[in-house]
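Presented sequentially are two complexes of chain A, the first with chain B as partner and the second with chain C.
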Partner chain A sequence: MKGFTLWFTGLSGSGKSTLTQAIEPLLLERKINVEILDGDVVRTNLSKGLGFSKEDRDINVRRIGFVANMLSRNGVVAMTAAISPYKAVRDEIRAHTENFVEVYTECSIEELTRRDPKGLYKKALSGEIANFTGISDPYEAPENAEIVVNTEHETLEESLDKIMRSLELMGLIPAGEDQHTSPEEEVVIRDRLQALGYL
Partner chain B sequence: MSSRQRLCVVGLDGVPVGLLERLANSGVMPNIAARIEAGHLRSMRASLPEISSVSWTSFMTGAQPGEHGIFGFTDINSGTYELTFPNFTQVETPTLWDRLGKQGLTSVVLNQPATYPARTIPGVMVSGFVAIDLSRSVQPLRWLGSLRRQDYRVDIDTARARDDHDWLFQDLDYTLQARGAALGRLWDEVDWDYLQVVVTGTDRLYHYLWDAVENADHPRHQQAIDYHRAVDRFVGQVWERFAAENSDPEQRFWMLSDHGFCGISQEVQVNAWLRQNGYLSLDEGGRDLAGIRPESRAFALDPGRIHIHQRGRYSRGGVASDHVASLKAEIADAFRSLRYHGEPVIRVVHDAADLYHGPRADSGPDLVLLAHPGFDLKASPTATEIFSRTDLVGMHTWDDAFLLAPYPIDDEELWIGDIAGHLERGFGN
Partner chain C sequence: MKGFTLWFTGLSGSGKSTLTQAIEPLLLERKINVEILDGDVVRTNLSKGLGFSKEDRDINVRRIGFVANMLSRNGVVAMTAAISPYKAVRDEIRAHTENFVEVYTECSIEELTRRDPKGLYKKALSGEIANFTGISDPYEAPENAEIVVNTEHETLEESLDKIMRSLELMGLIPAGEDQHTSPEEEVVIRDRLQALGYL
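Up next is the complex of A and B:
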């Protein structure tokens, strides 16, 4: 199976990490190797010491893209969950990455401010945090993302379903896995029906 | 106490009305006895054929096989004659849960047979038999992790349980407990309007040990009775919780089975009869219907579904369409007169044209045999003897499924496909 990079982009709190964590077991179920490059985790390791200036943000995102590309060209599904606010950098990574799939987790600032589990939006709005994406720093939403999920109006299941189906349709993960009975399953079904005297 | 008008349904796969009543009256199933006392127990017809995949699909859709398209656990590829295994994706008729969802109502459906692979419903679905892979048995998928962590089991290991009855009872107990744990979690975490759980261990027990249920001298009798006690406790727990959380619970609690059961006197191999009487022939050494010869005029699929080998419908079929009616009549007459030691074997031969209607009716059989209780119809293509016995002791029956309803339903011909309408009316529709 070919690897690919599933690049989530969206504002803080829009559901990128939640979705990557929910997708991981679904891919593992299908015997697909997967690695998550979460924005917060990367910042404490790969990009330790970088700040939140535009330059540092770009370096951080490029590093994630570099690692994701290495993983995906070796047959792994690399899922990234960094805000990655700047379109130009995302496009740059897209250009260098085989099988780049951009997933935009769309959600309004109003809804994110309402959710605000870490209180970050409140602090950003009060000026306590500077350079906060979507409040005091720009976020450039993708115009041509392969997949758009609206986490404000969709349930987690609906968004998950949309992503998995899209990946199936792109031929990146086995298609129609839940539509047909595989030969392996037929063997099991035969055994079960036979055990109950139906065959 | 929920302010919602909830509805709860418990299915007991294969439990015949007579057995349920007997076990309730004898004190083995006191919780069910209380429900019978408060409600209205009656017999109910299953689908034809009287097997779970067809009957439960009729239950969940309120439609008959000619409409929903499920005629059995198996079908046949009309080009290659290989067996195929119809699944839930082929059921195009909307389910009860789909219809409730259109009204904004949420369903929890646990272990509903014939719903594999699970599909999205407005609520949560966990498929039942013949579900294979748990990851394809659960919708929405976010419930998969918790079910796995609970070591949820869809079904017992039937292949092992058939030979190892110690294992059968262990597995029945484990599966029932796991079902209860899963139900508890879904109950806690889903804001549902309609909840349904099906216990399928009863059917498995009856296939392998119906005689132990019926016969007090059987060495496994006490274990068989104890399993019914466990099922009764399961029902009691569901009821108690439902009653504690909902107003007017008696009016909103239903129980049913999908068919009845009885002991097997003889297995009857329909394809062996067709071969012996010149209607079916297979290539030398042919092990399945893929070896069917063009001169064959009919073949059967389990349990008693007879297909005329019609030209244009099957790649090797040679029976012209204008001969189908006379051939059906000829075969039907022959089966009506089939005897075993003087005893009639077949109760009714149904002409499918009378039995089925709807857009999928043409994909079904041409004749459907309903045997007298005790004669278990089979369709092994290679069996040479018409009458035989195996280690299986229990078989399905058609008109003694049970329905425990909150109100009396005066319809002599009530069948399982009628129930969805009653349940929908429970929500004011």
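Up next is the complex of A and C:
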């Protein structure tokens, strides 16, 4: 079994952790070893003491990349769920990671401010929290992510199907029996992967 | 295949890295996935900015433990080669690591000072380097290490045989065809593992 890194990137609250947690049982079902490197778990265990300046964010993200690559090259699927706002660092990790698959969880600031279950966007907008990605700190969206899910307009199921189907088409996981993508979605997925040279 | 963590502990220059590098090809030969978490590589990729105070050493060692456990529980053999001087932290990592095997590389300060290829002991003794484990900083030897190699009195081959044979007896690696341990060594190895409840 080939390992790979499923690297989620997107704003806070855009669904990165939710998606990793929903995907984990689907991969385990197919007898695939999985580890989730969630932003919070990593900050506790690998990056305590780091803050949210560009420099510290980059160090944190590089550490996640270091561990993810170690898992990937040993046949494990590493799913990461850190905001990872800077394109250059993501691309640097891509360059030295075995089977790097980028998943962009797209969602507008308006929608995220509407949801805002932890009140973080409100605090960021009022200036109570500084260096908040998307409000007072930059977020550089990927231009060539292998998978783009729009968590504003898609249901969780649709996003999951898109991710699993993409991984199947890339030959990274065996085809499942429960194929749910519509013919329209299938075309969108194939077009993207073809444009990136995968098919 | 079960993964495990082969945790080397011992003074600087006692042979931790040399042993991990010598074991790696022997495990690869038996189709086992291996990663070496060497002190220096880890300090660069996971612990940049940390110093050599007790607190910083403990953080560094805990991070190595976090990654080693992630690899172990996914069927990989993680070999670590950090001095890891404090018993409490090693035992804490042991408690939450799947298949933790401690290897103590025993060697006297006198012998290490004689070898001293990088001149570190000389500098530590003259006070040029502070917080040097074994000279100006404590080293707490393990009391119940699964494997003890004495790199002062054993050849590299003997130490290697002892480690590989112990792992075979613990059921962590398949028995190899090239069995080199003498009947005397075999008794020593079995006695230790038996006393620890493995056999």
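Everything below uses one rule, namely that the second predicted complex is superposed on the first by the 175 of 199 C-alpha atoms of A that agree within 3 Å, B and C clash if a C-alpha of one lies under 4 Å from a C-alpha of the other, contacts with A are read in each partner's own complex, and residues count from 1 in each chain.
Everything that follows uses one rule, which is that a contact is a pair of C-beta atoms (placed from the backbone, for glycine too) under 8 Å apart; a residue touches a chain by one contact, two chains touch by 3 or more.
Model, not experiment: these values are computed from the prediction.
Engineer: Of the partners chain B and chain C, which touch A:160 in the superposed model: first, second, both, neither?
Structural biologist: first
Engineer: Scan A:62 for contacts with chain B and chain C and give back first, second, both or neither.
Structural biologist: Second partner only.
Engineer: Can A:33 be said to touch chain B (first), chain C (second), both, or neither?
Structural biologist: In the superposition, A:33 contacts chain C only.
Engineer: With both structures fitted on chain A, tell me whether chain B or chain C touches more of chain A's residues.
Structural biologist: So, of the two partners, B touches more residues of chain A.
Engineer: For A:75 in the superposed arrangement: first (chain B), second (chain C), both or neither?
Structural biologist: second
Engineer: Between chain B and chain C, whom does A:48 touch in the aligned arrangement: first, second, both, or neither?
Structural biologist: So A:48 only meets chain C here.
Engineer: Based on the superposed arrangement, let me know which partner A:143 touches: chain B (first), chain C (second), both, or neither?
Structural biologist: In the superposition, A:143 contacts neither chain B nor chain C.
Engineer: Which residues, counting only chain C, touch chain A once they are in their complex?
Structural biologist: By the definition above, chain C touches chain A via 33, 35, 45-46, 48-49, 59, 62-63, 66-67, 70-71, 74-76.
Engineer: Considering the complex alone, what residue numbers of chain A touch chain B?
Structural biologist: On the chain A side, the touching residues are 22, 25-26, 29, 155-157, 160-161, 177-181, 185-186, 188-199.
Engineer: Per the contact definition, I'd like the list of chain B residues that touch chain A in the complex.
Structural biologist: 51, 73-74, 83, 85, 87, 89, 117-120, 129-130, 132-133, 135-136, 139-142, 144-145, 155, 158-159, 161-162, 204, 207, 267, 302-303, 376, 378, 380, 390, 392
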